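Letters A, B and C name the chains as they come in the text, with residue numbers starting at 1 for each one.
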Amino acid sequence: MAGKSGREIIAEQPFSWKHLLLRWESMLILLLVVVNIMNIAISDKYWSVTGLFRATNSFLNIAFMVLPMCFVLVLGDIDISVGSILAFSATMLGVTYNAGAPMIVAVLVALLTGTVCGCINGVIATQFTELNPMIITFGTQVVYRGLCEIILGDQSTGGLNNVMWFSNLYWGKFGGVVPYMFIVFVLCAIVFGIVQHKTTFGRRMYAIGANREAARYSGINVQGTRFVVYVITGLFAGVAAIFTAASMGSINNAVGKGTEMDAIGICVLGGILTDGGKGNFIGAMISVFLLGLLEYGLGLVNVSSNVMLVIKGALLVISVMIPNLKINVKKKKIA
Amino acid sequence: MASEYVLELKEITKIFPGVKALDKVSFQLKAGEIHALMGENGAGKSTFIKVITGVHKADGGEMYLNGEKVDFKGPNDSQAAGIAAIYQHVTAYPHLSVAENIFMGHEKVKHGMIQWKEMYAEADKLLAQLNADFKSTAEMGTLSVAQQQMVEIAKALSSNAKIIIMDEPTASLTKNESENLYRIAEKLRDEGASIIFISHRFEDMYRLATRVTVFRDSKYVGTYDVDKISNADLITAMVGREIKDMFPKPEIQLGEEVLRVENLSREGFFKDVSFSVRKGEILGLTGLVGARRTEVIQTIYGVEKLDSGKIFLDGKEVKIKNPRDAIKNGIGLLTEDRSNLGLILDWGIGRNITLTEIEKYGNKVFTNDKAERAAAKQLAEEVDTKAVSIFDKVSTLSGGNQQKVAVSKILASDLKVLIMDEPTKGIDVGAKAEIYDIMGQLAQRGYAIIMISSEMPEVLNMSDRIIVMCEGKITGELSREEATQEGILKYAMAKSLKNTAEN
Amino acid sequence: MKNMENKSILKKITGSREVILLLIVAVLAIFIEIKSGGVFFQLDNLNGMFKNYAVDFVIAIGMMLVMLTGGIDISVGSTLALSGMCASLIFRDHQGLPIIAVFAIAVAVGLCCGLLIGTVISYGKVPPIIATMGCMNAFRGATYLVAHNEWVAAMDFTESYKNFAQKSYLGFGIVNNLLVIVIILYVIFYCILKWTPAGRKIYAVGSNAEAAAVSGINVRKVKTICYVILGGLTGLAGGMFTSLYASAQGNMGEGLEMDCIAACVVGGVSMTGGKGNIVGVFLGALVIAIIGKGLPLIGVSQFWQKAIKGVIILVFVILNVLVQRSVDKAALKRREI
């Protein structure tokens, strides 16, 4: 049954420089350059291999939560419990170690804790689809943080840095130059990027985010996919917990507070919007470094953490608002 | 001097991004008349209503109320001017009481306080006028569609509107309920209201209206006296051409039975539905709104759970728990709701077409863009999609071309049975003929096709066999030869006919 | 016929959510009373409970309005801190101000916060959870900023301000002032929501925003106003908070959003909007207050509170879904084919 008119449809993507340059990611790269120039101007020690790695090490532990958060947001879901999962995993790690278990066991316990928390989120979110994941993860956020408080009270669990290899996860450097954490992060990021853009799993995530019902009608296992993503998110909150624990050496019940906003904010600024099915992984990764280096630079000039809070909060809201305003302008133009 | 018309619209134009929804449309409503407004799906009737009520702002043209030019800024203005509309999709507040639904926006207020007792009493009075069988304290969400419709009418009554617009009010009503509605409409007219009555059903028009205006493809076609225009002429006015040559159904030798369902039931929706379809056959599944045809095929496709019943493919029983199982077993669905269930409007044509079968082009883990693009191109060309590139967003296409993309999407899978739910809904006449052509060719290729349709000509001309449903049950089966419009309607209204007889 | 009507009324009463909630409250209170050896029902204890949780009661009203429109606000803790802090700072530097002016300042700051949030959500189309998450952090940072990381201590307040939360001159010497405010607010909002067109508009928007727009209701405006009211109430609560604890600290009100959302969820406010009432919210807040005040009485550590509240939120949210499902199923069963 060939088409009657014999009309041909083009199957090659047209390439245009204009299109490439007008992309959101290009804009982010530009901003990244600006931030770097700013940091160079602030500190003469910044623009060196050690300086740069010192800067990246200040934020990459949290960035592990950005990787799966990209998936969550692409699905059109949200998970605001990651900060609490981080805290709970780190608490379990500390408690297990201080109970006399070898550090490797403690690390595995942290990963397991994160995974179980993710499973709980996933089960509730997929069994009760009537519920907005926002309220579910709000609830579990409170519970996970509450568990930390039960376990730790107002004490902290410390001494973690007595184990050299554990401390080195954060502080150690490969060949004395490249931090181990940086290497692990880059490897993880590559895997996540490939999954998001080059696999059937990734394509299905985008379909679910763009139109969940249409995805279901196309034979996609919507709830299964969502469950897997929630579990991965929990697992990586556990990973972030390990690096955070390694950096701090001791854990109290306030660890990781507000990091869910960091993770979500980075994704949103990177173009992965909260309405699902939008944006790409590269944007989020540029955004990790953009925001991280910005915060590092502001820290160098002694901008207080309070100002940082205000900036981060405002940035989150504004970066969600901009695309909406852009759409409005476009609509007006057509009319 | 006041004008002869209570409402007059001149050359109204409304443009949505990319579409001209109304193109210089005119309309005149006399005092105390019931005026039918007819036209196919997508002719622009609903948009037109929303322009009158001020929900949409017209991009061109003028509107006169009792000879005076008016310019409604929003629905509040039209309400104040005495225009009330009953929309096609019931616009109710499900959590609130019936009385509140009726009086929302013009509550009975004394000293700034809502007078609940008065409101309930007043609402009950209105409902009594309409012979309603429920109380005004009931929660809206617990009522049936017909009952909710009644509330909408009561709402229009309560505002003492002089002009009442009813958008497809009988679509979901039984014969008895429709008859009740006719009486109400006539009573309103006798009390001095003017009514615009939009309907697909010819019987509504003949029963009620004195004049009829026809829209086609967003344009005004003409206004006629109901008793002076013949059925055939009216159809020609609506469709724009003789209807016969639209259905190029080829003669096909029917093969073996492919799909058979036995005693399918789903509580609250349908019961004991059994039918079968053969290779190369087009099985028409028809009925009025509320017959639950879509619900039946949704369970066959695995979207909804089946309570009991069996599904056989090529004689073997299969279990279908979700759409994946259905597709694996060779059952494909072209949904009725293209833009929400069938396609991802934000995506390009190509990605939409290959979505179901991504693994086929790459492997289980990785995608293969090159193979996907080639396949998408071929499939889109096969159904003659009018598009420049496979990267065109589906949302930029016309309804007909979107439907073609949806068809190529299901053709990407290895299927034996195609279920097409209202395949020509909301697409223009030219594209309709093309879709029929494609359906014929697909049957010729050996697909077994189940076509759900409410459009009589489509059902009569495309089907080899017709099954009629009424309120969740199969009430009749007709062969192509014995099928007539009257015969189908008799089965489609079997239940309300029976009720009438009993009364 | 008469008999049947009686029966349906009886069914209505026992089937209503508020009655079930009332039972839960009673059982909970009696349980704690027995376990604590008769401490709970002592007048001092009850007065203290209402005093300490007055802030939650007040904010829960606003939270309900926002949730009725299908939104949520997790920034209330920070809004409370910012407004309470601003008012306290001004009061510290101008000791001559009357108490009412201090509250007015707090309310004004709260209103501004609410207006900002509401505008961003309804006109900037930012999802409520994102907008309020951003504001939660921004307002918290701003609180520390305006206070220069310091806190306003008890000695900076006048006696009359500190006494306001302890005395009961508004309540004829019997009922604590803060509780009087709570009662007045609940009565006012009960009336507004039940008997004024404006109140019903909120329900209309939450129940079916599209229909509301078609019938001429300005949906964005209604939503914005709900956030503004919540902001105003939170501001008022900020004043109450600083008076109660006789100090203003940067971290005050942390975790407050949890209590208020829990109160609403327990009180039967639907997460999707359109459903919920003020009586339910009052009882919901009462449950939270009893748990908060009662658990320490029976020897449960304060560190358990958070986890318990989280579980309560989840359980009630899920219960709501299960109830709705069974209602839907029953409706289908009744449908004849």
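Simple rule for what comes next: a contact is a pair of C-beta atoms (placed from the backbone, for glycine too) under 8 Å apart; a residue touches a chain by one contact, two chains touch by 3 or more.
Here the structure is a predicted model, which is why all the values come from computation and not from measurement.
Undergrad: So, comparing C-alpha centroids, which chain is the farthest one from chain A?
TA: Computed centres place B farthest from chain A.
Undergrad: Which two chains are joined by the greatest number of C-beta pairs in contact?
TA: Chains joined by the most C-beta contact pairs: A-C.
Undergrad: Between chain A and chain B, tell me the centre distance in angstrom, where each centre is the average of that chain's C-alpha atoms.
TA: So the centroids are 44 Å from each other.
Undergrad: Measuring from the mean C-alpha position of chain A to the mean C-alpha position of chain C, what distance in angstrom results?
TA: The answer is 32 Å.
Undergrad: Which parts of chain B, given as residue numbers and ranges, touch two or more other chains?
TA: If we look for residues of chain B contacting two or more partner chains, we find none.
Undergrad: Would you tell me which residues of chain C are touching chain B in their complex?
TA: It comes out as residues 191, 194-197, 200, 203-204, 206-208, 210-217, 270, 274-275, 329, 331-333, 335, 337.
Undergrad: Give the list of chain B residues in touch with chain C in this complex.
TA: Against chain C, the touching part of chain B is residues 53, 55, 74-76, 79, 87, 91-96, 100, 104-105, 107, 109, 112-114, 116, 142, 267-271, 471-473.
Undergrad: In their complex, what parts of chain A are in touch with chain C?
TA: 78, 80, 124, 128, 130-132, 134-136, 138-147, 149-150, 152-154, 258, 260-261, 264-265, 268, 274-275, 304-310, 312-317, 320-321, 324-325
Undergrad: Spell out the part of chain A that touches chain B in their complex, as residue ranges.
TA: Residues 1-5, 7-14, 198-204, 207, 210-211, 213-221, 277, 331, 334-335.
Undergrad: For the complex, give me every residue of chain B touching chain A.
TA: Residues of chain B touching chain A: 15, 17-18, 59, 301, 303, 322-324, 326-328, 333, 335, 340-347, 349-351, 355-356, 358-359, 362, 364-367, 373-374, 376-377, 380-391, 409, 438, 441-442, 445.
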